[in-house]
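Shared between the two complexes below is chain A, which has chain B as its partner in the first and chain C in the second.
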Partner chain A sequence: MAWAGMNWGLFKIIYQHTGEIGLDSGWHEHEFFLFLGTIWIINSLIQTLFMANAAEFSELIRTGNLDFALLKPIDTQFLISFPRINWSQLPNGILGVMLIAHSLRELMQEREIYFSVFSIPAFLFFIGCGAVVMYSVMICLASTSIWFGRNQNLYNFWFYITNFYRYPMEIYQRSGVGMALWGTFTFVVPILVVSNIPARILAQPLGTPWKSWEWGLAAYAIVGSIWSLMASRWVFKQALKSYRSASS
Partner chain B sequence: MLESAVIWWTFFKISINERLIYRADFMLGTLMRFLPTLTQIFLWWAIYDVISNTDTTNSGTGPDGNIAGYKYGDMVAYYLLVIISRAFSSMPGLTGGIANQIRNGEVKKFLIQPVDMQGCLLMQRLAHKLVYYLIATLPFALVFFLCRDFFIEGWPPPNALAVFFASLVLSFLLGFYLECCIGLVGFWFLEVTSLTFIYMLMNFLLSGHMFPLELLPAEPFNIRQLVEYLPFKYLAYFPAAVFLEKIEGPEMYRGLLAEVGWVVFFIVLSRILWHRGIKRYSGYGG
Partner chain C sequence: MPTIEIKNLSKTYRVYQKQEGLIASIHGLFHREYREVHAVKDINLTVEEGEFVAFLGPNGAGKTTTLKLLSGVINPDQGSARVLGHVPWERENEYRRKFALVMGQKNQLWWDLPAMESFRLNQHIYCVPKDEFERTRDELCEMLNVTNLLGRPVRELSLGERMKMELIAALIHKPDVLLLDEPTIGLDVVAQHKIQEFLKSYQQEQNNTILLTSHYMKDIEALCKRVVIIANGSIYHDGSLEDIVDQFSGDKIVTLQMHDDRSLEAISKIPNLIEIDAPKIKFRVNRDGVGRVLSQILAEHAVDDIVVEDPPLEEVISNVFSQAEEKSRREATHSNSQ
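Moving on, here comes the complex of A and B:
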């Protein structure tokens, strides 16, 4: 929660010095805070639902207790993915909702934005897609502990990867290295669409009618979440093949 | 005197060996540490892009894209330099470690052995840091070489460079004794997690870890002025600012002097806390 506040403070300060992040990208202050709120919601969803479980999974691998999970007549990935809910991470999400509500109201006073009965369900749907993608990334990361045998790096890796999806994708699209990063995190590991699509639905940084590439991106978000889910499933299975248990 | 020197040397050697166990992991970890900087580079690029291309009537922005005196290159260089300062001043787990030892009674060993707790811990940290620099030089050099174009002013003059290194060493001591003090509060509070958390927050915001302190607003109340009177800025901002020649001349030496003052202050404070603390201490458990 304090991290969230600090993040907010940082961008509050940045926006004292600039009007927009990324030239003509439309991410002005209120739009950006909508984006930030979206990030907080996705993050808190992930941390509430999956973070503790992924850590637990790594621990199961290390101690060899995964044997018991493997023996049960139920899909292992399902079994290890959902046993626990970490409620303490939920307040950040609520904070995110509040930030979004506030920014949306400010934004509506500022200019015309398109808002209909479909906006909220669409927003929630793409948040859901986002959660799926992030879940997949996390499962992949956790599965690697089968190969590496240690799990301290899980949180670190998680932090480093989420670093890339915390900003609007426009900031990457200007230079060679940036494009490479953008491509990687859109098409290989689709974490950029996770945050960008839902935020775009509400903030509409480029004005009311969506550009055609934005529609394409939204469609891609759905494909991307399915693809990443499948990929994570595959990685999980492959990793399990190398599982050798540990003495107990 | 000689005896205690031998003891400290032994602690030093043990800690060095302890640290050399995970070399590869270490190097990889160091490289990973620069990843967030990569996104920072893009973020600031996007910001400066706007500033350079829009009217300069906005508050705080000047011509050819400069925020509070920082050009784009300066800004990136600043973040890179802060990583160096932090490599000196950050003490992961020190506070919690001390508080834990107090709580579970491990601290007793310092009461019966002829070893000084702060000294022993200091040697440990010193060893860890030295090993860290030894191994991290390679990744650091690589990254700084790749990023050399961001340092638009080139190398600072020799006297600034000297102050830069001195302030780094001091920031190590400052970070160590500051966190020591917080940990020793554990004699009274037993649980210092919340205190650590507050410290971490303050550190993050007010040390310049997140952005150059010049960016802090003077309104509604003058945080910018406030941080000048706090020790935090020496943990990250000061060395970087000296290197980038944002602080020069007499002001630079004054800053260095103030840093020495803070170090002495926290050394004394930690001694007082320690002596008061052990009087209050009752050793439960084994």
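Moving on, here comes the complex of A and C:
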């Protein structure tokens, strides 16, 4: 929660110097805080449901206790993904919901925001897509423990990668390096899409109706989620083939 | 169709050879040296339904690796294996419902929760109907005398009690094949004996196929008719315990209780003497010469009692291990020189 507070404070300071992140991107202060709230929710879901389990997975490999997961007549990826729920990470998600509610109220006082009966279900659906993509990234990172024997830097890698999905995608679209990052995190590892789409559904930075590329991006978010899950499953299965099991 | 069928199965590990010291560690970042460890080398084995087979071998012989291959935990480099008609490393759920692996040195129960919770989880994972689960659990708990411990957190159980709970957790779905890797390791003789008794009666009752690795010869003597000796990843001998004693022990141990000190004194210079504990004398005699030596002694001295027995199994097995290791050393030297 302290981290969330610092995060919010930092961007509050930044918005004292600028009205918008990215030229004509539409990401003004309230739109951006709505985006930030979305990120907090996705992060909170991942950290509540999967983070501790992914770290534990590395330990299972190091100690050889993954053997017992492999013996059970149940999907191994499922078994290692969900044994524990880390409830202490849930408050960040609740803060995210509060930040979104507050930002939406402020936004609606400033300008017209279009809502339909599908807005909230669509937002939740794309939050789910986001969680799926981030879960897939985490499984791929955790699977590397099988090849390396242990992965003490799982949290660090997670931090480095998630750094790129915490901002509206427009900030990457100004330079060659930025475009390369945008392309990588949109089409190869689609973490940018799944953080941007749910936020765009509520914040509508470019107004309504959505532009055709926004609709395309939303469709790609669904495809990207499925592709990420399939890719992570493939990586996990390939890694299991190299499992050596620690000596007993 | 045999329950377990292994053909030319091999598993080699590539192990990083780290040198000592900081400079060597930095060097290791750029140039890594590996050594190949042939944990299992081209083994062939067939086990029929209902057999209780012991896997014996020194540490690092390949016993546990073989069990891990048969349970599908690791993939082989070459060869094939079928257990109950399934290829283990394909990890089909249908196969995983039919076998269990118990490892004496690893714990699969939830450490902070009572064993009952782990049993219940296994019930759901293995889709055991509630009535059947409760019946099996109660039977097993009664056989192992642990009913009163079901509610105690696993971390508060003794090693013996924990191993009994591990066995119950593994047997709750009534596996057709049971792979036991040193299930009595570290247990006191009473706990060892109880687990032996349990395994014996359970196997007779269920007629399941069991592969057991153990370093305790008492386990092997009590439970297994067939013994497979594995050394340096290869099967060195496959037969009954009696075969092993006959084949690998050329001697018998003879203990005589002499009638008086004079007789004892007279034969105290006998070759291959083991010990004298008056009025008893113990010595080793070549298996073929037992009759001749005894008739000679009986003709010349007064003897009250005679005991002729095989050497301790530990000693025989130790000899077998030494011979097996010597053989594989010779083979390695031979193949290197070619």
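In the analysis below, the second predicted complex is superposed on the first by the 248 of 248 C-alpha atoms of A that agree within 3 Å, B and C clash if a C-alpha of one lies under 4 Å from a C-alpha of the other, contacts with A are read in each partner's own complex, and residues count from 1 in each chain.
Methods note: a residue touches a chain if its C-beta (ideal position, glycine included) is under 8 Å from a C-beta of that chain, and two chains touch if they have at least 3 such contacts.
Please read these numbers as outputs of a predicted model, since none were measured by experiment.
Participant: Return fit or clash for chain B versus chain C, each positioned on chain A through the superposition.
Facilitator: These partners fit in the superposed model.
Participant: Have a look at where A:171 lands relative to chain B and chain C in the superposition and call it first, second, both or neither.
Facilitator: In the superposition, A:171 touches chain B alone.
Participant: Applying the touch criterion given at the start, work out whether A:243 contacts chain B, chain C, both or neither, answering first, second, both or neither.
Facilitator: A:243 sits against chain C, while chain B stays out of touch.
Participant: With both structures placed on chain A, which of the two partners, chain B or chain C, ends up touching more residues of chain A?
Facilitator: Of chain B and chain C, the partner in contact with more residues of chain A is B.
Participant: Nearest 10 degrees is fine: what angle do the Cα centroids of chain B and chain C make about that of chain A?
Facilitator: Computed angle, apex chain A: 90 degrees.
Participant: Quick check on the superposed pair: does A:117 touch chain B, chain C, both, or neither? Answer first, second, both or neither.
Facilitator: So A:117 meets neither chain B nor chain C here.
Participant: Touch check for A:156: first (chain B), second (chain C), both, or neither?
Facilitator: A:156: touches chain B, not chain C.
Participant: For A:18, is the partner it touches chain B (first), chain C (second), both, or none of the two (neither)?
Facilitator: In the superposition, A:18 contacts chain B only.
Participant: Between chain B and chain C, what is the tightest CA to CA spacing in Å in the combined model?
Facilitator: Superposed on chain A, the two chains' closest C-alpha atoms are separated by 5 Å.
Participant: Could you pull out which chain A residues touch chain B in their complex?
Facilitator: Where chain A meets chain B, its residues are 2, 6, 9-10, 13-14, 16-23, 25, 153, 156-157, 160, 163-164, 166-167, 170-172, 174-175, 178, 181.
Participant: Taking the touch rule as given, give the residues of chain A at its contact with chain C in the complex, in rising order.
Facilitator: By the definition above, chain A touches chain C via 64-65, 67-68, 70-74, 76, 241, 243-245, 247-248.
Participant: If you look only at chain B, which of its residues touch chain A in the complex?
Facilitator: 29, 32, 35-36, 38-39, 42-43, 45-47, 49-51, 53-54, 58-61, 67-68, 197, 201, 204-205, 210-211, 215-217
Participant: What part of chain C is in contact with chain A in the complex they form?
Facilitator: 13, 64, 68, 71-75, 91, 93-94, 96-97, 100-101, 103, 105-108, 125-126, 181
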